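In the two complexes that follow, subunit A is the common piece, with subunit B as its partner first and subunit C second.
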Partner chain A sequence: MRYLFGNGAARLAPYLLITPGLLLYLLFALGPSLATVVFSFTDASGLPRLPIHWIGFDNYKEFLTLGAAARENLDALVRTLIFCVSVTVIQFSIGLFVAVLLNQGLRGTKFFRTLFFFPVILGVTIQGLMWTLFLYPIGGPLATVLDWFGLQSEFLGGQPREAFIWVMVVQIWANMGITMVIFLAGLQTIPDEVYEAARIDGAGRGQLFRRITWPLLTPSVNTNLVLTIIGSLQAWQLFYVLISYRPGTQVLGYVVYATAFGQTSGSTAGTTFRQGYGAAAGVVLFLIVLAIGITTQYLLRRREARLLG
Partner chain B sequence: MRKLIVAVALIVAACGGGATSAPATPAASVPAGETAAPVATPALSGTVRVLIHQNPPFVAFMDAFNKTFETNHPGVKVEMEVVNANDLMAKTQSRLTAQDIDVIDIFAFDRGVQPFMKNVDAPGWQSLIDAGLLLDITDQAFVKNYDAASVADAGSYNGKVYAVNLGRVGYSGLYYNKDLFAANNVAVPTTWNELVAACATFKAANIGCITAGGKDGWPIFVGAYGLLGSYFPDQLGLVQGLWDGSIKYTDAKWLELLGKYKVYDGEMIEAGASGIAGDAAPGRFASGEVAMQAGGTWYAAAIDTLSPSFKWGYIPFPGSDNAADNQFMFGKYDQGWAIANDSPNKDAALAYLSEFSDPANYQAFVDAVGPIPTQPDAKLNTTLGAEIAPYLATFKIGFENYWLGPKGVGQYATPMFVNLFKPFGTFDDPAAAAAQAQADLQSGLDAAQ
Partner chain C sequence: MTALARTAPVTRRRFSWARLAAYAILIALTVVYLAPMAMLVITSFKTLPEFTRDAISMPKSFSIDNFIEAWNKANFARYLVNTVLYTAVSTAIFVITGTFLSIAIARRFVRGSGFLFTMFLIALFLPPALIPQFQLILRLGLYNNPIGYVMLFLVNPIGIVILVNYIRTIPTELDEAAAIEGCSYFRFVIQIVIPLIKPAIATVAVLHAIGVWNELILATIYLTKADYYPITRGLIVFNGIYGNNWPVLAAAVLMIAVPIAAFFVLMQRYIIGGVTAGAVKG
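This part shows the complex of A and B:
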């Protein structure tokens, strides 16, 4: 048999070439993840030199079953799922719509493509600052417009439901550009001849989209769905920047961070270090993301096989 | 004999070269905002890394202090990081663990585990000490510059000193705009009913009644500590009562208090306050757009800096209908300094604290930042000092600094979250809020059995 790098010792070359990458992955990704799982079974504080004791599933029992705090953790899980579904559906739809528009070759396409992608490169802090200023309840732009109609809102500081919806809006605004770009790339791989042949056969716009665009976009659809679902399940940074740790708004990712680094009270006092407990919360979130991610991947692959053969 | 004399001379030389707390120049000759020159110390070098929390007058003072320290010690560079107060402990933990910090700004050692508490987590500062991350400074000369009570209550653990506390703050008061009160013919309120009437008058004149830095969350509920204090002057007793069940949120007294929280949230705090960052609240108040600001004494320096000609007063929050119940100031020991046990530059860190603790420099700090001093000879020679002087004799440590909830409590278990009520929270009915708070607390108390 012929090997790409030759025979003899040279057969080891591919393995040597991927070793640095593998080591980096073990060191910065897999290793810490495994350590997190191990820590989740301990009372680790995250501080050096304090003894660490193996406590089995106590952290998990506390997170999932102990008192009102456990109910709030489950509420955070429900909120996370609501956030994930809402953001995925809306971001996906808007991203696809904008990509289809931009693929028409209209004037200004490049400008609008840059404009829609711009929020993606800003980073969470700038995104949060922009929207905090836009939603400033005293004299801010949107507050001023509402005032013209005699209305007033606290926006991000108001009712938890309203604050939560605003975070969803910002999440969608911040990430829609990626969805759009992936769809745009997918649209541009569909040959024009397919559309021409369909038009010759009398297909209308709706039929072109349903029978040609949508099936042939399947790889892009799958990529976008997976990225958006997993990204929104793990999202918490915008909550941190926009509304801090407020009752009735927490998502599971923020609960994990706040629990591990002692920021649950919203006060300067009351900080405790419980990274073992935070690790357990992180593992719970990981298992949920894994279950949803694997299920999504399986269903999408089946669909892809059915549509594209 | 000769060897003994040499040995004694060496010991005296070593002691004389250490950190000292005596000022090089008299305090009266030190201009405000500048710091006194130190007594000669061995030449220091390297970098001193300092971590502090965001408080604009404090940051400005520290920038000036650091420049002076570098001038006094040419071989030393000071690198200072400023973080939001909410992030201070998390940042402290990571930098102490990474061993790349020397001096840390640390809040007072409060929320210790009381004998009646079960199934609670040790407070963060205790974990830092148990992990050996804070330097034992018991024998440092500069510690004696601070009054014994503050050293014992706010910086000690198991008989050793780990932090010096820089001052107390009151947090149960209301700043009020003297000109707006005079212009609208409103007397300074001494009772709850008078406060309600005052707010009605200001709102009728299209003037915001009370502002607070609602965006950061905690300024809204800290602003109501005076309300709590007027009903429960013995706040350690309140904590114990909630733990042992002798006080419940569903008691008539609590229902009355929660009713007032509802009015405070919905009718007194100005619309839009939830968008104001904590640091921006003094500016909002000093702009003259609102009549009052709820908050602690730490805002006073910022108000004076923003508008030196602005006339303001500070009164205990009148939460009771009986004026005599509203004469207490509640507060806490606030920020302090500690040194990392693994500090890469311990000598310079100790010299840094020693110079800061010099009475002249400490007075300059008090003048700039405005805490209630914890050095016996320092004076709060400011508008704030004059305003709170009548209440210092009855200063009480507040609820926030005793409360630890058992594991498993819900988020409404502590009455610190006064922003239960609309527009900040979801509750409209004090009875419903009381039931939720008691259920949240009880779930943790039951789990602790």
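This part shows the complex of A and C:
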């Protein structure tokens, strides 16, 4: 658009004002993000004075093909996909269902909405510790309740598969609120008159949903799917808080962190920081996110065009 | 966002099985959501023997000993001050620089505005900046340094997208009117645009602040000195030491959760508004 606030030097004012923000973005976000690809071809470590060498595709070869570690990496990759699909399907379904319920003008709607969204802002630390207590295997709250029914579980301390499922439960518990409020915002945009008209034509509840709510909700459906898929592919922080780096439970995001910054939390002593290798793992994860993200977008666009023409 | 509770399909006031079923489901879900939180509160008032005997019974007395013990055993006051500082400084810098950036991009006052906007839009899909960022901070000599830590939180692409989209809804006639009055660009931004986009700025600030406040991983990577710990890292370390004394640990977690809950109740409109606004991109 035309610049209205003077000529000559005055023309530079907006450039001056965007400079700090732009520099910060390039320096601390976009630059490092793209540099991940460059680092993935090097043997960079986490130590300040060590020289960095260009080693071509060695990191990738090692990550994908070398012995037991590579097999673990592939397991982690499969686990990441399982985590992503399960979390997305369940979180999406519950979020949609709850949003529809909360859009019926029931009493207490505000309370329910607030409660279901609340965990989102607690952050992984509090979410994780809260559930660690709740799932404490030796006489903890849920263990006590199960005991009434003669059931037992080791929860997060149990077999890798069991621990993994509980992390998924917490992940969904923690983030369902986001899906829900996005759907609620979408439902608000559907005018009541549409429902009225359909009901006069004799449409039942199921038909109302299938013929009106579901197609008109397409934008929120797309947003939620993309956000949840990408989010769950990259999620690993609850694993860190709930069960830490346990064999048989890691997802790719955690592998990236653990190889680049040492498996134990925070202590720099004695651990090797394989940052080049970690970057390669990060790029593999990125390519998966990209491939799945683009495919999802493509399919959703096609569906949208078909539904809303 | 305020009018979420609108009347819709189900007819009101008359008994209906559908409504009963809806309540049954919502209440069941409420139990799932409330149970872990309730157990945290109950446990925080118990003694350790009480907890071991029966984890879910109510505490015998509501003594605050656990809270005092937790407070004394770890330097939570220090951690809280650190978190507040990190959050306030980084949010202030991001919001100021981000607002200037967003106004110019939304109004196409700089060349390549469209390209710049795309650059922020695609950030969600890019590889994590984690490793090169670490190398950068390390080589700047800012590892284990509060300044280096704050530098990690000075940008937030989703915040920029929210701001730009909001600014675009303001009619451009406003710009022309201001220009005719002979207003300078700087005055236009400060005195005219910023007051108009305050709700969006508040939303973005709140979202960004929550992210910094809750950050655990970056704190774990960058801050190894206990004096610099934010509250999240402090809690995890405390958990490592007192992991089996659940009443004291629960008291510590609760002390940190309550201020967040209060903040949420006050700011709910902005938080939920931000989540849904950030989502509207497709």
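Following the convention adopted for this analysis, the second predicted complex is superposed on the first by the 278 of 309 C-alpha atoms of A that agree within 3 Å, B and C clash if a C-alpha of one lies under 4 Å from a C-alpha of the other, contacts with A are read in each partner's own complex, and residues count from 1 in each chain.
The rule is simple: a contact is a pair of C-beta atoms (placed from the backbone, for glycine too) under 8 Å apart; a residue touches a chain by one contact, two chains touch by 3 or more.
A quick note: this is a predicted structure, and the numbers were derived from the prediction, not measured.
Chemist: Scan A:P247 for contacts with subunit B and subunit C and give back first, second, both or neither.
Modeler: first
Chemist: Identify the partner contact of A:E154: answer first if only subunit B is touched, second if only subunit C is, both if each is, neither if none is.
Modeler: In the superposition, A:E154 touches subunit B alone.
Chemist: Just subunit B (first), just subunit C (second), both, or neither: which does A:P137 touch?
Modeler: A:P137: touches subunit B, not subunit C.
Chemist: Between subunit B and subunit C, whom does A:L50 touch in the aligned arrangement: first, second, both, or neither?
Modeler: first
Chemist: First (subunit B), second (subunit C), both or neither: which does A:R274 touch?
Modeler: After superposing on A, A:R274 lies in contact with subunit B but is clear of subunit C.
Chemist: Have a look and say if subunit B or subunit C is in touch with more residues of subunit A.
Modeler: Touched residues of subunit A are more numerous for C.
Chemist: Should A:L66 be classified as contacting the first partner (subunit B), the second (subunit C), both, or neither?
Modeler: After superposing on A, A:L66 lies in contact with subunit B but is clear of subunit C.
Chemist: Does the superposition put A:L299 against subunit B (first), subunit C (second), both, or neither?
Modeler: Neither partner.
Chemist: Quick one: is A:L308 in contact with subunit B, with subunit C, with both, or with neither? Answer first, second, both or neither.
Modeler: Neither partner.
Chemist: With the two complexes superposed on chain A, say which partner A:F261 touches: subunit B (first), subunit C (second), both, or neither.
Modeler: Touch status of A:F261: both partners.
Chemist: Please report the subunit A residues shared by its interface with subunit B and its interface with subunit C.
Modeler: Shared contact residues on subunit A: 46, 48, 132, 136, 140, 143, 261, 265-268.
Chemist: So in the complex, which bits of subunit A are touching subunit C?
Modeler: 1, 3-6, 10, 13-15, 17-18, 20-22, 24-25, 27-39, 44, 46, 48, 94, 97-98, 101-106, 108-110, 112-126, 129-134, 136, 139-145, 173, 178, 181-182, 184-185, 187-188, 192, 195, 199, 205, 208, 219-220, 222-224, 227, 230, 234, 237, 240-241, 253, 256-257, 260-261, 265-268, 275, 278-279, 282-283, 285-286, 289-290, 293
Chemist: Write out the stretch or stretches of subunit C touching subunit A in their complex.
Modeler: Touching subunit A: residues 1, 3-10, 12, 18-19, 22-23, 25-26, 29-30, 32-37, 39-40, 43, 51-52, 54-56, 93, 97-98, 100-101, 103-105, 107-110, 116, 119-120, 123-136, 138-139, 143, 151-152, 154-155, 157, 172, 175-176, 178-179, 183-186, 188-189, 210, 213-217, 220-221, 224, 232-233, 235-236, 239, 246, 249-250, 253, 256-257, 260-261, 263-265, 268, 271-272, 275-276, 279-282 of subunit C.
Chemist: Flag every residue of subunit A that touches subunit B in the complex, lowest number first.
Modeler: 45-50, 62, 66-72, 132, 135-138, 140, 143, 152, 154-160, 244-248, 261-274
Chemist: Which subunit B residues qualify as touching subunit A in the complex?
Modeler: 53, 85-90, 93, 96-97, 107, 110-111, 121-124, 127-128, 130-133, 214-218, 221-222, 270-276, 284, 400-401, 403-404, 407-414, 416-417, 422-426, 439-440, 443-444, 446-447
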